[in-house]
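Structure first, then comments.
Letters A, B, C, D, E and F name the chains as they come in the text, with residue numbers starting at 1 for each one.
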Amino acid sequence: MMFNSEMLTHKLLREYIEDLVANDQRIDSRGFDEMRPIEVLNGTFTKAEGEAWIKLGKTQVLVGVKADIGEPFPDTPDKGVLVSNTELLPVASPTFEPGPPNENAIEIARVVDRAIRSADAIGLSSLVIEEGKLVYMLFLDMYVLDHDGNLEDALTIASLIALGRTEVPKVILKEDGEIEVKEEKWKVDLRDMPINFTFVKINGKLLLDPILEEENVAEASITLAIDKDRRVCSIQKKHGHFTMEEIINAAGIARDKWPEVAEMIKEVI
Amino acid sequence: MPLYVEKKPDVLITEDGVRTDGRLPHEIRPIRMTVGILDKADGSAFIEWGGNRILTAVFGPREVHPKHLALPDKALIRTRYNMAPFSTPERKRPGPDRRSVELSKVIREAIKPAIFVENYPGSVIDIFVEVLRSDAGTRVAGVNAASLALANAGIAMRGLVAACAVGRVENFIICDPNHDEDMWGDADMPMAMLMESEKITLLQTDGPMTDEQFKEALEMGRRCIRFLYEMQKEALKRPYLIVERSVFEQGEV
Amino acid sequence: MPLYVEKKPDVLITEDGVRTDGRLPHEIRPIRMTVGILDKADGSAFIEWGGNRILTAVFGPREVHPKHLALPDKALIRTRYNMAPFSTPERKRPGPDRRSVELSKVIREAIKPAIFVENYPGSVIDIFVEVLRSDAGTRVAGVNAASLALANAGIAMRGLVAACAVGRVENFIICDPNHDEDMWGDADMPMAMLMESEKITLLQTDGPMTDEQFKEALEMGRRCIRFLYEMQKEALKRPYLIVERSVFEQGEV
Amino acid sequence: MMFNSEMLTHKLLREYIEDLVANDQRIDSRGFDEMRPIEVLNGTFTKAEGEAWIKLGKTQVLVGVKADIGEPFPDTPDKGVLVSNTELLPVASPTFEPGPPNENAIEIARVVDRAIRSADAIGLSSLVIEEGKLVYMLFLDMYVLDHDGNLEDALTIASLIALGRTEVPKVILKEDGEIEVKEEKWKVDLRDMPINFTFVKINGKLLLDPILEEENVAEASITLAIDKDRRVCSIQKKHGHFTMEEIINAAGIARDKWPEVAEMIKEVI
Amino acid sequence: MPLYVEKKPDVLITEDGVRTDGRLPHEIRPIRMTVGILDKADGSAFIEWGGNRILTAVFGPREVHPKHLALPDKALIRTRYNMAPFSTPERKRPGPDRRSVELSKVIREAIKPAIFVENYPGSVIDIFVEVLRSDAGTRVAGVNAASLALANAGIAMRGLVAACAVGRVENFIICDPNHDEDMWGDADMPMAMLMESEKITLLQTDGPMTDEQFKEALEMGRRCIRFLYEMQKEALKRPYLIVERSVFEQGEV
Amino acid sequence: MMFNSEMLTHKLLREYIEDLVANDQRIDSRGFDEMRPIEVLNGTFTKAEGEAWIKLGKTQVLVGVKADIGEPFPDTPDKGVLVSNTELLPVASPTFEPGPPNENAIEIARVVDRAIRSADAIGLSSLVIEEGKLVYMLFLDMYVLDHDGNLEDALTIASLIALGRTEVPKVILKEDGEIEVKEEKWKVDLRDMPINFTFVKINGKLLLDPILEEENVAEASITLAIDKDRRVCSIQKKHGHFTMEEIINAAGIARDKWPEVAEMIKEVI
């Protein structure tokens, strides 16, 4: 059944979704721990060094990785730089407004960024050209184009693909301090695959990969990242509250889901 | 520190009028238009034109916030032209710069004459032009796509607005300048017309043209715009389908 | 140019589980809580925890400005987490950065489930968390103090929210990570619970943990939070008095 | 007849002006292709290296050119830097508000700037002190003091005068990298005279150099710059729409007007 | 990189009291005042004082936007002191800095006591002070001109506010400090008075003065201000005409 | 008598305070030229190089001095850098809002800063490490925690204590341009003690050290700084107006009060 959120008030929508959940059902007929189909669009859509436009159900995101070179931070001379930014484009939802990233955009950017860093997925030390002097700087720009829920997971998947595809001209710092940009390419080495999995709690049940309507009526929500060793490497509880058991359950489901998503990502890189 | 250095080509156009991408003066780059690609927007369109990738969306007519901006007798039209950080060779800092502010205004003024604003008093129509990849001519590409997104949103319009740039390289008037011609050419002139009355709703010029060149350029612009208009109509006939043309043979003088 | 350079300690934890500040894995740093130290705020609390110094104040329920932000059926809860320029070894520029924006949200979501928001329709409750000195664990210290300030302001609550961080250094699960462990440890996990139902209202993790480590960490977090809760209750019993504990002997596994 | 815009509603004003135009008349009795008198004030009003306070009818603008030295942009090592900025000062109109330049101020600054650049009026390469290392940077600050319409043309004229008057201490980059500022002066060489001409369309007729009331009721407006070879070198169509013929006409009128304005500018520099 | 380097003069004042611009301690720089030079403002005045060029304009009483700022029982007075980018030897970045914010407040508080604010409940009077060229003493020049612009706008006032700075260089109390004295002098004291009650509405001091010096400076300030007041009255008698005085012989002690 | 400002309207409060003053009394029973008790809290509250948390009656402020090293300003190569900033924290008053410093916060910061500079209390030239190349930069961050009136004086006192307590690692600029940070400490030398004294005028009388209610109903207010030679070294008249005699009186009272406050400051440094 097609569902038009504007046909029902928020209260009716909540009751409708809660009733469904009480009967072990979801609006779009998925199982509670089933993700929506993921589609990776073919084509060149940006001038980034690595990019991915993906659909997670009707949610669409476009991630681009731009590279630059520069000095490392003084306290991490042996590491490159990763800068993550999320834009909730006003094209993606009637509720998004133009302007600098708000609280939600900043949180999402940091949740994706934290998953990648906590697993050191891109090996920040491999971005060093000359220790303390010159490093690659990667700008991970995450664009939300169409918002039908679960931006965290969609952006994480697209970010991993975009990073895994990133190729940059090889750079050498010569002894006289001059910088030589070579024809040859240097490729980001994706060492880990920390994937975020988002759950909402409705009527006391955990639902994986919520659509927008589910997010809007959920009692609570949480995002957990799983690394290639199937360890929890990052968590962000968002609104509401969970019992300890619910969180342990969510981590278990996420662990079970990791291989299929990771496999898909590897295939398209 | 830039990883990519640009160089001016030795020859921008040959004596025979062959351009840096092999086109002749009257040839337009390949174009694809797709209407209705977004679920949450009231209307949307995506245009691929040469190396440009531009996504447009329309929301409205809807309530104005803050309320004091509402106009009692007509719709408020707001337009935002925005370049993605990854749309350029060097990363662009997010947020509006002066060029974006100007282009947002210019695009709004290109589109607004087409809208029956008096049909929607007190409301706002928001038009967003998101440049995902830029390759010369983003503003005219954006106008074409914005026009489609408005139609896709069901906004009452006098007609479509179609747009194309023309330019001058040495003594050649060329249509649809590419990146090299935009950077190092002698003049650039983006144009838009409200079809079918063919009123000019966007016209800018940067670079000198003699009286004859100027007239020739206007005429070539009109021709190109007519071609774009045909594509727009086709794209609207089959929403959600891709309309694509390799237009090297089109727009012949 | 930084005047102070930090160095990673050679050993973060010994084979016997002795930490860089001499604590064992299950030991919490000394804590002092003081309630009601501000005259003009509706409620306030000051927490000293290890080297952290955090001042919290609550204003409200009061009128919302601008009015359109007011919620018809419940109180709006606003939280600001703010670090003083002198709270860090290198001066921090005043104003919110991305981390502060995130922590303001996380703290709000940790506290909000405790408040009977439906008791105060149309009003706002403002919670300010001012970090005067930071030394690892400011967000959980802030949650404890904010909870006290709310109680001090007489806001109707389901219960107090108590908070503590746990972490992993090599194979040890530790409670209340210090600065070294926060910087160079393997995982960090701040937690908060709405007592007495012991619902988790704040949970973040940064750094990998196996299934067993994760469960052990959650369990240790719960134990520490119960200890903090006891201190909070004590602090509220005697407002305007300092509640202080050297808690090295507490929270034993 | 003196005309008080506050005596009439906008609608009445529009009708009044349209009626006049239908009878080939304007509020202030000028011809359709006649400019208001231009007055250049004597005196020193700024600490700029070049300045001009002019009146175009009742419109008053003050333009100052400040000079500095600095590195050229990496992609134009052989060019100096020109930075243009317009401030719609709140003293100039009850509708102007303090704050950073809005859409209109930015557009006007860019329209003046584009005219100057498109004709390379100041010869940007003549601003180079040492290629790739040191160039003059000119800051063209355009201040609107009293707004009675047609800011574009007033600011363009004042900018050309201010630029033409600009004298800067001569600077030398010595071999040891030291910068020497000499007593001697270096003068901006005004190689071209790209003058903007603004038209509004009222009742289907083109009116040159509109006053504020005419701008407020106009159907459409356009600004065209003419260079010393009488070529159109810059255009900005603003609101409304024009036929191709109207635009060609406007260009023709502007071409005809160029010599008298250019002559006036040359005289006062 | 600055093109102009300033140097402290060897002698700021001779033993005979001769200043760097040749004036004696009690002499004021030449002044010109012109009222009503702007067409669109409700009131305006232009002051040239030494090397200062300051344009002031008044708008109002008019409606307040946003409305919630309006005061039910009196007019809101807003003042903006703004320095043009070309008003200083090195270009000043546009927009308010901390000094401008302070001076806007100080000027507002100098002027406000003169206005019958209770005559204009719910409205706003906006006073803009635009410094086109600065040469020491812009704030007092601005106060004089703002006062004229208010009178020119027909705002009901208790009297004019006149202003002048005094200062100390070594043991000399001087009036109307010039640029050198402002930069390298020992004390600077801008003053304004609401005439005729001669109440002090602006007083700032920067630099130490003994009790005797302070009293002498206040007295000299009063004398200068009376002179400025005479000029103001003259300027208002013939609006749109230039009132000009070379005042070297004025203000004698 | 305890006084609750929320029990009375502003008008009643004003009348009440004016009546008191007419009878030579103040709300809190102080004399007109009597300051509230000053308490300096013990403890370490910041990571600053110098700090002071003081109470002036119920007003509480915390000042921290952070040090850094950097290049001097080009026009003062022989002076270190002092940057002053005031934050009216929202915890301090229901009327304070989060955000960048407003007009009042900026004025207060500048009034404290001006007192310190006008007396050259910290000897800016003593902050020079190597003339024209390297200097200490001191950031004076003034935090208002609880606002019960007279922030200027409270912040000035706390600032002088914090500056007087400031110790910074000794820094040396070696011949090869390298910067060496030593174990040894360098201490700020408090050469003067410019103390601000704030008065309000109520019913024609001058009241020293006003509490919040007195500030709210005052006709006029002024702050004067006195240096160690008992000279007025800085003044800021704020709202309202004064006669010349009132100002001379205020300066006299401030001069008389200076020794006791200065003594207290010296004791706690």
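Definition applied: a residue touches a chain if its C-beta (ideal position, glycine included) is under 8 Å from a C-beta of that chain, and two chains touch if they have at least 3 such contacts.
Given the structure is predicted, the values throughout are model-derived calculations rather than measurements.
Both chain C and chain D are touched by no common chain. The minimum number of touch steps linking chain C to chain F comes to 1. The equivalent interface to C-F, defined as the listed pair sharing over half of its contact pairs by residue number with it, is D-E out of D-E, B-D or A-C. Of all chains, the one whose CA centroid is most distant from that of chain D is C. Rotating chain B by 120 degrees superposes its CA atoms on those of chain E, with the angle stated to the nearest 5.
Averaged C-alpha coordinates put the centre of chain A at 58 Å from the centre of chain E.
Chain centres here are Cα averages; for chain D and chain F they lie 49 Å apart.
Per-chain Cα centroids separate chain A from chain B by 32 Å.
Annotation for chain A: no residues touch 2 or more other chains.
Contacts with at least two other chains are made by residues 2 of chain E.
If each chain is drawn as a node and touching chains are joined, the picture is one closed loop, every chain linked to exactly two others. Going from chain A to chain B and on round the loop of contacts, you meet the chains as A, B, D, E, F, C. Of all the residues in chain A, the ones that touch chain C in their complex are 74-75, 103, 106-107, 109-110, 114, 117-119, 222, 224, 227, 229-244, 247-248, 251-252, 255. The part of chain B that touches chain A in the complex is made up of residues 1-5, 38-42, 44, 53, 55-57, 59, 62, 80, 82, 84-91, 94-95, 126, 128, 130, 132-134.
Residues 43-48, 51, 58, 60, 62, 64-70, 85, 87, 89-94, 98, 100, 139, 141, 143, 145-148, 168-169, 171, 179, 181 of chain F touch chain C in their complex.
Remark: chain B residues 2, 5-6, 98-99, 101-102, 104-106, 109, 112-113, 187, 189, 194, 198-211, 213-215, 218, 222 touch chain D in the complex.
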